[in-house]
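Below are two complexes that have subunit A in common, paired first with subunit B and then with subunit C.
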Partner chain A sequence: MVLEVRNLSVTYQAEGAPVRALQEISFSLKEGDTLGIIGESGSGKTTLGLALMGLIGGKDRVEGNAYFRGTEFLSFSDKGKKALRWKHIAMVFQNSLEVLNPVLNIGEQVGEPLKKHLYLKGKELEARVEELFQLVGLDPQWKEAFPHQLSGGMRQRVLIAMALSCKPELLLVDEPTTSLDPVSRKEMIELLGRLQQEYGFTLVVISHDLSCISRLTSRLLALYGGRVVEEGLTEELLEDPFHPYSRGLINSSPHYFAYKDLWGIPGEPPTGQEAGCSFHSRCSQALESCREGVPALQQVCCERRVACHRGGIVTILEASGLKKEYRLKKRVLQAVNGVDLYIKEGEVAALVGETGSGKSTVAQMLGRLMKPTAGDITFRGEKFYNGVTRQENGIQIVMQDPFSSTSHRLTVEQVLREPLDINKIGTSQERSSRVREALEQVQLPWGTDFLKRFCFELSGGQRQRVAIARALVMKPALLLADEITSMLDPSTQANLLRLLKGLQNSKGFAMLFITHDLELARKVADRVMVMKQGEIVETGSSRRLFTDPCCCHTKELIDAAFGEHQHVHKSHHHPHTHEHVHKHKTQH
Partner chain B sequence: MEYAITFMVIITLNFMLPRMMPGDPFLHLSGEGGEEVWAFTAEQRQYFIEYYGLDRPLPEQYARYLTGLIQGDMGVSYYYKDQVSSIILRRLPWTLMIVAGATLLSLLLGTVLGSFSAFHRESWKDKSLYLLMIVFSEIPAFLLGIVLLIIFAAGMGLFPLSGAMRHFANYTGWEHVKNVLHHAALPVITLSLARVGGIYLLVRNTFTTVMGKDYIRTARAKGLTEKRIRYYHALRNALLPLVTRVALQMGAMVGGAVLVENVFAYPGLGLLMRQAVFVRDYPLLQGIFLVLAFGVLGANLLADLLYRVLDPRTRGQETA
Partner chain C sequence: MYQSQVMNPRLLLRVPGELYKKGIAFWKSLSIFGKFGLTVILAMIILAVGAPFFTWLPHNVSSGPALVPPGGDHLMGTDELGVDLWSQICYGARVSLLVGLGTALLAGLGGGIIGIWAGYRGGWIERVIMRLIDIMIVLPDLPIMVILAAFFGSSLRNIIIVLALFSWSHPARIIRAQVLSLKEQGYIKMAKSYGAGDLYIIFKHFLPELFPILAVSMIRLSGMAIVTEAALSFLGLGDPTSKSWGLIINHALNFSGIYFTPFWKWWLMYPWAFLTLLITSLALFGRDLERIADPRVVKRN
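Here is the complex of A and B:
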């Protein structure tokens, strides 16, 4: 073990109340391991780096143990820590204007640790400094330069050269790509990857940048409020996060999957005063019981540990062997032929496929509008029963055609009140206020004159929003949206989709988004399922599925939808083959 | 360029100021000693006024003054009847010595105490030192001088009461140096004590700020010794504002020196200036003002050059 951290806690002694920046962090790293640390600002990422460098002291308290090659070093004296620093554990600090001393030239700053730890002098020192500059791709001439004369990218390189000067066994890198332009970013990731391979040091990367994390690390920790909330293999965790917070981080990352719309985690970062699970106030699946006790980090499957009272993101709906046969006069038509699917709490799953592939049939069976010929559906772990669509926290469906899904002859108020009246939810007053609330959420007026209007008076976009409001009145845990925008013009579609996704993000309900439009699916979905002839042929995170599809049918669909874009994209890279590309396109 | 303009402004002011004072040199040529009290007759006055060219229009006087300056001629003192430049040159070293001595001493004391306070921030050591410094920096230099004079010179007899050296004693070599230092001690200490508070506060503040900077954390992470972090990485950054401060304070320092010289009857430019003001000795006054202004300006120039050496960021602007 190069590094083993056990129950590491850091408390900053701020004026007034102490701030717990890190709470009982444990992890271990073997020789050559690479670990990523992600989390919002203030989650304790940088504190972890500083604590390991022994740079937190004075009034601030560091508790717990950390072992470097089996030796506890947090309890070392200042002298002992100084001997360990840089020679064995080095850190690439977050790039800022003042991270290097403004009055000393960079050659001297890079060489300083060599003098101190390796006792190099004169020519030898000079040569080693030049070697380090070359290693990170900087012209050694720059060593006479002062920090203010460098660009951000060059400064980052200097920081790396400085950190590697004594060939440390453990390298901590804090935000290596922030404030860099795309080209420098890419170069920096490649440089760090190459150096890690060459020198084989153990690497810890602290970053917001998930694409950097996924390139450089094999394991990943997600920090929230100073605690590890999820731990796993980088690739698996990013593909299929188990903690709602990790999923939120992935959804808010612009670098990781560029096509998806950005949606941040709702709510404010933790103050440290929360009772129970610190994430519960922002969580899509929080229960009352989440306020009791801090969840422990528990193994959920191999290589994955999650700190969640509910054991990670819960599967809200599960269907297996779902079949639907239509009996025509002579033959049996298999509309849905053995579909297994699941939808997790708070996620947007898209069901895509050509028309006639059975998508809507699946939606109607899940919405209890149609009985399956065979197969089981469980909702929240219970077998399907009539109540699921008739209760709060149940399933609601919004259909394709806004004109036939709500009755012409009813007023807006009647449409919206109907489910509450029928299912006897709340008092009359509560019902009225919930109607208004739902209208407000879908950005429709909620004055009496609008409530008294008949549905036939409304436009398509308005009626579809009324249909969504009707579903929201029931406060669903799962919303089935079956081609809800296909009959709307692009502008109305864009407004409606952003509205719905925004509601989904803030209310935290799960959504099954059924569409034949891959562009839309790519924008909103966390996970995508592809259907063909009544079967699901491929499923995966939208990033994986759209960038690296396995099934040939998926490839076909993607090529049909995005093929043209990809060609245009290529022509940017090879301007001289432009003509050729054009020919290629016309052949298509 | 800025210095040239400043210099012109100073020369002009210098020329105008004595002439704007009430009174006239020849009313006072009689001296204040008391023994030879005699007044000029009207003719005599007229003769002197013509003789020194004071009847000419101001622009002409100004032009004469300027041409004289360019030739290195500051004119002749009305009172001492001697070349102004040679009078000033005789007195200048004494003032230079106490100003330089006080600057160095207050810098040294301020930096040492200021960094000490910064490293022990918020402890009782820092707090009591802080209080002491505030008290000292609020006492005017001349008052402090009088108190010191009474206690150490008049009371305990440890230091001479006045003058720059012992007259009529034929000291040689080391003895002479000792004697001069003995005489300069109280004026220098007075001036230093009056100035050290500002430097102390500045050093205490900048050091505290600098020690919290990212690059100090970087240096610490590199496993450097505390000594190197403080006195190499931090000190060089903390000294930057100090250089500017000392240069800016030079004016106040010289002003303080004038007062202190009068308290200790120290034969520098300050004492000379008081006498010159008394007798409305225009050329001498102009000469003293000029030399003092020149000195302050020179200190500022020096600070600018020094800053360029210490801070590479200002070096870059030259070529840009």
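Here is the complex of A and C:
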């Protein structure tokens, strides 16, 4: 073991109240391991780095143990810590002007640890500094420059050179890619990867940048409010996060999967005063019981540990062996032929496929508009029953055609009240206020004037919003959206999708988004299922599926959807081809 | 919410105001023939309801010499017993309209609900009802009605029931066809998934949706019923105590050699003219209603 951390806690003695920046962190690293640490700002990432460097002291309390090659070093005296620092454990600080001394040129600054720890002098020192400059890809003539004369990328290289000067066995890197332009970012990631391979040091990368983390590390910790909430292999964790917080981090990361729309985790970061699970106020699946007791980090499957009272993201709906046959006169038509699927709490799962692949049939069976010929569906751990569409926290479906799914003869209010009226939910006043609330959520007017309007007076987009509002009135836990935008114009579609995704993000319901439009799925979905001829042929996170599809049908679909796009793009760059296409058209 | 509306007198005034507005809009959407038809029908209803106000002579006892030509006190002359014809026609309108409306309501709503039920439930219920409708259509109405009227006695109530029994199949068939397409609509499926019962769906969704079609069908039925009642009365199978228009015609025609006398010019012509006018008006109005059966048309105008 190069590093073993046990129950590490850090408390900053701020004026007034102490701030617990790190609480009971434990992990261990073997020789050559790479570990990523992700989390929002204020989650304690940098504090962890500083604590391991022994740079937290004075009034601030550091508790727990950390072992470097078996020796506890947190209890070392300042002198002992100094000896360990740089020589064995080094840190690349977050890039900023303040980290470097503004009045020393960078050659001297890189040479400083060499002088102090390795006692190098004169020529030897010069040579080593130059060697280091070359190592990190800096021209040695920059030695004479002062920090403010360097670009951000160059400063980052200087910091790495400093950290590597004494060939440490453990390197901590804090935010190596923030404030760098894309080219320098890419170079920086490549540089760190190359150095790690060459020197074989143990690497800890602290970053917001998930693409950097996924390139550089093999294991991952997600920190929230100073606690580890999820731990696992980087690739697996990013593909299928188990904690709602990790999922939120992935969804809000622009670098990781560029095509997806960005949505942050709603709510404010923790103050440290929360009772129970500190994430519960922002969590989509929080129960009342989540306020009691801090969840412990528990093993859920091999290499994966999650701190959640509910054991990670709960599977809300599970269907197995779902089948639907239509009996025609002579033959039996298999619309859906043995579909197994699951939908997790608070996620957006997309079901894509060609028309006629059975997507809508699946949706209608899940929405209880149609009885499956065979198969089992479990919702919230219970066998499917009639009540799921008739209660709050159940399943609601929004259909493709708003002109059919809302009666043109009824007023907006009548349409929205219908589910409440039929199921006698709440008093008359409560129903009215819920109707207004739902209309407000879908950004429609909610005055009496609008409530009394007949549906046929509304446009398609408005009527689809009314249909969504009717679903929201029932406060669903799972919303089935069956091609809801296919009948709308692009602008209305964009508005509606952003609205729905925003609602999904803030309300935290799960959504099954059914579409034949892969562009839309790529924008919206966390996870994608591909259907073909009544069967699901491939499932995966949208990043994995769209960048690296394994089933040939998926490849075909993606090629059909995105291949064309590239072509259009090219023709813009070459006016000749454009003209040619134009001529071609006029000839026809 | 509704309570507060009742409390506020200004809101109370809003309801008739809106009805009035809707009425005007409806009137404007009618064609000239429709307007004519509706006017005649309304006039006939007023005539029937206010018969005592429009007549000054008794309608059932003699009030002067027999077979007086129109003019003077007798607006339309008298029959062979000296009973005033205008009075007879005014009171006869009650019978004709009652039979027409009664049959239309009974057969229209009954047939409509049966049609909705058949179409909505499907399965064996639908098959049984459809076969029944087939049988009803094949049966010759009038001969059977003659037998039934003779058998059960010819009270006005019996006539309405018999007429309704023979005319429900028409609306039922039309409505079932509509329901078959309507029940595939999303909002019906949604209501069902929200746990709405059959009754809820029938009364909240199907009936209002199908009402325009049903109304057209009912107006047709009422025309048919009035004619059939007249025919039965003409054959002497009507209610002898109720002086319907058919019965007046029956009496007139029973007067042997009426065509050799000038009496037919009023005794036969006036009831015939009223009967024809009402039936024609119903047909014209019905046709117009059919055109605007879609409620959206009314709203747009």
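The definition used in the following text is that the second predicted complex is superposed on the first by the 564 of 588 C-alpha atoms of A that agree within 3 Å, B and C clash if a C-alpha of one lies under 4 Å from a C-alpha of the other, contacts with A are read in each partner's own complex, and residues count from 1 in each chain.
Keep this in mind: contacts are C-beta pairs under 8 Å (C-beta built on N, C-alpha and C of every residue); 3 or more make two chains touch, one makes a residue touch a chain.
Note that the structure is a prediction, hence the values are computed from the model and not measured.
Shared-chain residue A:Thr373: touches no atom of subunit B or subunit C. Of the two partner chains placed by superposition, A:Thr178 touches none, neither subunit B nor subunit C.
By the document's definition of touching, of the two partners only subunit C reaches A:Asn386; subunit B does not. Contact with subunit C, but none with subunit B, is seen for A:Ser405 once the two complexes are overlaid on the shared chain. In the superposition on chain A, A:Asn101 makes contact with subunit B only, not with subunit C.
By the document's definition of touching, of the two partners only subunit C reaches A:Ser428; subunit B does not. Judged by the document's definition of touching, no subunit A residue lies at the interface with subunit B and also at the interface with subunit C. Interface residues of subunit B facing subunit A in the complex, by the touch rule stated above, are 213-215, 217-226, 233, 236-237, 240, 310-313, 316. Per the touch definition, subunit A reaches subunit C in the complex via residues 367-369, 386, 389-390, 397, 399, 401, 404-409, 415, 418-419, 422-423, 428-429, 432, 454, 456-457, 470.
Per the touch definition, subunit A reaches subunit B in the complex via residues 50, 53, 55, 78, 81-87, 90-91, 93, 96, 98-105, 112-113, 116-117, 146, 148-149, 162.
Within the complex formed with subunit A, the residues of subunit C that make contact are 1, 185-187, 189-196, 200, 205, 208-209, 295-296, 299.
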